[in-house]
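Labels run A, B, C and D following the written order; every chain starts at residue 1.
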Amino acid sequence: MRDAVATLVRDGDSVAIEGFTHLICFAAGHEIIRQRRRDLTLIRMTPDVIYDQMIGAGVARKLVFSWLGNPGVGSLHAIRRVTEGAQPTLELEEYSHFGMVGRYIAGATNLPFYPLRSYEGTDMPAANPRIRPLASPYGDERVYVVPPINPDVTIVHAQRADAAGNAQVWGLVGAQKEAAFAAERVIVVVEELVDESVIRADPNRTVIPGLIVDAVVHEPYGAHPSYAQGFYDRDNAFYVEWDAIARDPQRLTDWLETWVHGSSGRAEYMERLGPTVRDRIRPTGTAVAGAIDYGEYR
Amino acid sequence: MTAAGYTPSEMMIAAAARELAGQRVCFVGIGLPNVAVNLALRTVAPELELIYEAGAYGAQPARLPLSIGDPTIVTGSLAVMSQADLFGLYLQRGLVDVGFLGAAQIDRFGNINSTVIGDYAAPKVRLPGSGGANEIALHSRQVFVVMRQSKRSFVASIDFCTSPGSSGSGRRGPSVVVTDLGVYHFEADGEMRLDTLHPGVSLDDVRAAIDWEVLVSPTLSQTPPPSADELRLIREVLDPDGRYTR
Amino acid sequence: MRDAVATLVRDGDSVAIEGFTHLICFAAGHEIIRQRRRDLTLIRMTPDVIYDQMIGAGVARKLVFSWLGNPGVGSLHAIRRVTEGAQPTLELEEYSHFGMVGRYIAGATNLPFYPLRSYEGTDMPAANPRIRPLASPYGDERVYVVPPINPDVTIVHAQRADAAGNAQVWGLVGAQKEAAFAAERVIVVVEELVDESVIRADPNRTVIPGLIVDAVVHEPYGAHPSYAQGFYDRDNAFYVEWDAIARDPQRLTDWLETWVHGSSGRAEYMERLGPTVRDRIRPTGTAVAGAIDYGEYR
Amino acid sequence: MTAAGYTPSEMMIAAAARELAGQRVCFVGIGLPNVAVNLALRTVAPELELIYEAGAYGAQPARLPLSIGDPTIVTGSLAVMSQADLFGLYLQRGLVDVGFLGAAQIDRFGNINSTVIGDYAAPKVRLPGSGGANEIALHSRQVFVVMRQSKRSFVASIDFCTSPGSSGSGRRGPSVVVTDLGVYHFEADGEMRLDTLHPGVSLDDVRAAIDWEVLVSPTLSQTPPPSADELRLIREVLDPDGRYTR
């Protein structure tokens, strides 16, 4: 992880760590904080606690997003501090969820715009002049369009990948595929690094092809306190705890010192969290998918 | 728990669930709407099909989901879809009969603000913003709003329009608003109308919690209180920890 | 199958039997011929032998398509006969592959148009005025757009579905999902009708939700002479044989009499093909996908 | 088989394969291009990554695929993708270095017809049409054309432009044309130029099979004949039944 971030994430870059509630790569966010990147444009549909931490740590100058909350808990207080009042210091660029998805799709498919039936009758286009109306060349309908987004770096967490970065995901898939194809550089972080034969045994599960991947990082528990379907549960207690930490700038700074700067990486972080946390996020059992047969055709 | 033997949240949930009678496809997030929808499934709308906004269809959660992306909504569901497919193929395609929204502010025409309190460029309070609320409002056949009401939330003029109401545009806007005080529907011209008051709530209570001259149905009646069966389901099955309903 | 076609496919309908080389539902095409539907608008990226048979049988007045050949063999002669010469009798509406995909996407997502970077510098927009240029509202780029297509009926073949039509597919997935969501009515035809629990054990494999499905038909070998990954191979010998049959109108008519009108349905058709064919299309072995775990979360 | 000890198709395949030296991502259909690409993988371009237009990446076919959608390209591949993703995320996104096209007609600027012979509305011959050829031509960094040449296929003016060439538009058009007679590349102004003649082929043979005044390289040379290794791979490994190469 250290090498991947050192090589592929630069000051001033636009960075998308995607994953819709699932597979949010906290380990990469922490490494970016640890390496004290600055002036990043952070991109995510749901900034979540990871971007509250990163923005609290001062890595970003701008945030592109569609829903700014701590899911199931409340606000992201570090972000609120720099976006409320007379002189907000963090630049915001705001869409609806489908608007963000449309930006990723346009970026991923090299389109100059993506059309949507969102926004009509609201203040969102006035608040963000990048959201523009466009008349259909068939009949008299009008839609809104959003421009492509092409992050300098997209980071996605997956259950498994081979050494070339062919990554397989199950459970919620969010917008990771689109965000990865839209990016200039892609980092894939995985719970399990597997042999290519594991990927080849089930090619329909591959969400991101190694073709577009620049680095593969093996980082078990790299999505904690979010979750990895089949590997561990969401650590809801931490999401609740973060609310209190982030409300207090000093506590937030102390937390970053202890858990990010004071930790060499994810392995040490998990070691320090200890067995209590690992036990509480362990799935209560297994739910194994049935076998399917691709057939041999010689 | 009030003297009535149930909480205002329990009343809200029961009232919202009853509105789902006859509906088929429901787009649902976590929290109060999730409890209401699951109550409806077990009472007035057993055929309801659920699409969770995190990207799962036909979920059978083994526990009450704690957040929008809880893994328990995936395991055992009928289908998982990307956000692109969820918003494109399901919502924008028009497959959703009912979508739920919360709101920080709502006006008499059902316009909803979930973006900022104050000026957009220098807000007093920065709220979460649209998420999928803009699309839910525009693409669901009906929009149900569930929220607590006060003079600060039921306002004459919202600070920012995140999800459109019905005013003057021919758009549908919300069709039902369920609060801790009563149940509202909308007139043909798009104005919100109080139809029932929850037990123990007076018209003066409502007027004290609404920043415009409220339109009251000529047949204003009382919301039937939660039944024993509704309360049992809420307390024993759907929210045993009382996370959303106490 | 008889009931599904009788109820859901009407004279004059637009009908898409999708499946890109894989899972082409010949059984449904044959049933449409058997019930002597007329004036259909047939829609398919690659009309393939199934539409050559259907057009040879006279069910269609129009064809919407992107590649008109017998894959790996040559021409579709029945279609050539009604599209060549001074007085073609079959109306054609022609796109490139991505143009057809874009039409399905627009139909499936309720967009009034879909933008593409295809067509620039070619005669295709002149040949099909539905392909139109559109200026981007960002900068001075121009793209082409195609209009939505919403078939009255889309028919897809899948390896398996439950009784509600929740259908799972592996191997090539073509444009079936988009074609199904675009349609007013959907028929799903399957190799295996499975219990709902089989679907629920692997929700990431579901390509088409029961929500949009109007009829589920259990029809083993329903895709022959195309194939079903893991179930049977493409019957290439038949694709080659069809070339000679379709060149001769009388042979084509005889073939339809024998194999379609003279057969009560797919079961009788496969019975008549006999063990030689079933043996030649049997996969040479199995290739079972590895198990994955969704985890139990109570 | 000719007196030379190999067929014109084997020469075409060997010449096309050699042009792939240094390329990385190749978009490939079935037939001659598939054999050429697989030959390149085993000779000049071992790092080549293959995307099959039916929707599979990293295929390892256990047999020579018989059609574009042969199940053998799926089993054991690295990824399967929908047609939407194939054309959007891979091709239009610009991930493809080399795409292959055949052609019924080609002109001196690399404009290609694969749609009709004669008038579009009342054609003499109805050809298959674009399929993905339009997108392959527009979005691949380089386009390789492999086709037999004659005065009917190398024409001064094509009947219909399915895939654009380079003429006067600043577009790239094809970069290589390999035929049964020789190998062509393109001038800076977009005109096709004969660079090598296959062994046993004369300039007069070429002129008899081309409907315009062909531009000939000042350094015109002979295409090296297929090597023993190339022929062994074609005959024993890639096309043992001689389906594409006899």
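Following the convention adopted for this analysis, contacts are C-beta pairs under 8 Å (C-beta built on N, C-alpha and C of every residue); 3 or more make two chains touch, one makes a residue touch a chain.
Quick caveat, the model's predicted, so the values are computed rather than measured.
Chemist: Could you tell me which chains are in contact with subunit C and with subunit D alike?
Modeler: In this structure, the chains that contact subunit D and also subunit C are A.
Chemist: Count the C-beta pairs in contact for A-D and for A-B, then report the pair with the higher count.
Modeler: A-B
Chemist: Whole-Å distance, subunit A centre to subunit D centre, using C-alpha means?
Modeler: 41
Chemist: Hey, how far is the Cα centre of subunit A from the one of subunit C, in Å?
Modeler: One centre to the other, that is 37 Å.
Chemist: Approximately how many whole Å separate the CA-defined centres of subunit B and subunit D?
Modeler: Roughly 59 Å, centre to centre.
Chemist: Can you compute the centre-to-centre distance for subunit A and subunit B, using the mean CA position of each chain? Integer Å is fine.
Modeler: Roughly 28 Å, centre to centre.
Chemist: Find every residue in subunit D that makes contact with two or more other chains and list them.
Modeler: Only 56, 70-71, 74-76, 80, 88, 92 qualify.
Chemist: Among the residues of subunit C, which are close enough to touch at least two other chains?
Modeler: Where subunit C meets two or more other chains at a single residue, that happens at 105, 110-111, 116-117, 170-171, 173, 177, 201, 204, 229, 233, 283, 287, 294-298.
Chemist: When you check every pair of chains, which ones turn out to touch?
Modeler: Applying the touch criterion to every chain pair yields A-B, A-C, A-D, B-C, C-D.
Chemist: Which residues of subunit C touch subunit A once you look at their complex with the stated criterion?
Modeler: 110-117, 132-134, 136-139, 141, 143, 145, 147, 159, 170-171, 173, 198, 201-202, 204-205, 229-231, 233, 283-298
Chemist: List the residues on subunit B that touch subunit C in their complex, please.
Modeler: The touching residues are 25, 49, 56-58, 60, 62-63, 70-72, 74-80, 85, 88-89, 92-95.
Chemist: For the complex, give me every residue of subunit B touching subunit A.
Modeler: 30-31, 54-56, 66-71, 74-76, 80-84, 87-88, 91-92, 115, 120-135, 138-139, 160-164, 169, 171
Chemist: Can you tell me which positions in subunit A touch subunit B when the two form their complex?
Modeler: Those in contact with subunit B are residues 20-22, 45-46, 65-69, 71-72, 75, 79-80, 83-88, 94-99, 101, 104-105, 116-124, 127, 170-175, 177-178, 226-227, 229, 233-234, 236, 239, 283, 287.
Chemist: For the complex, which residues does subunit C have touching subunit B?
Modeler: Those residues of subunit C that touch subunit B are 105, 108-111, 166, 177, 181, 196, 199-201, 203-204, 206, 209-212, 294-298.
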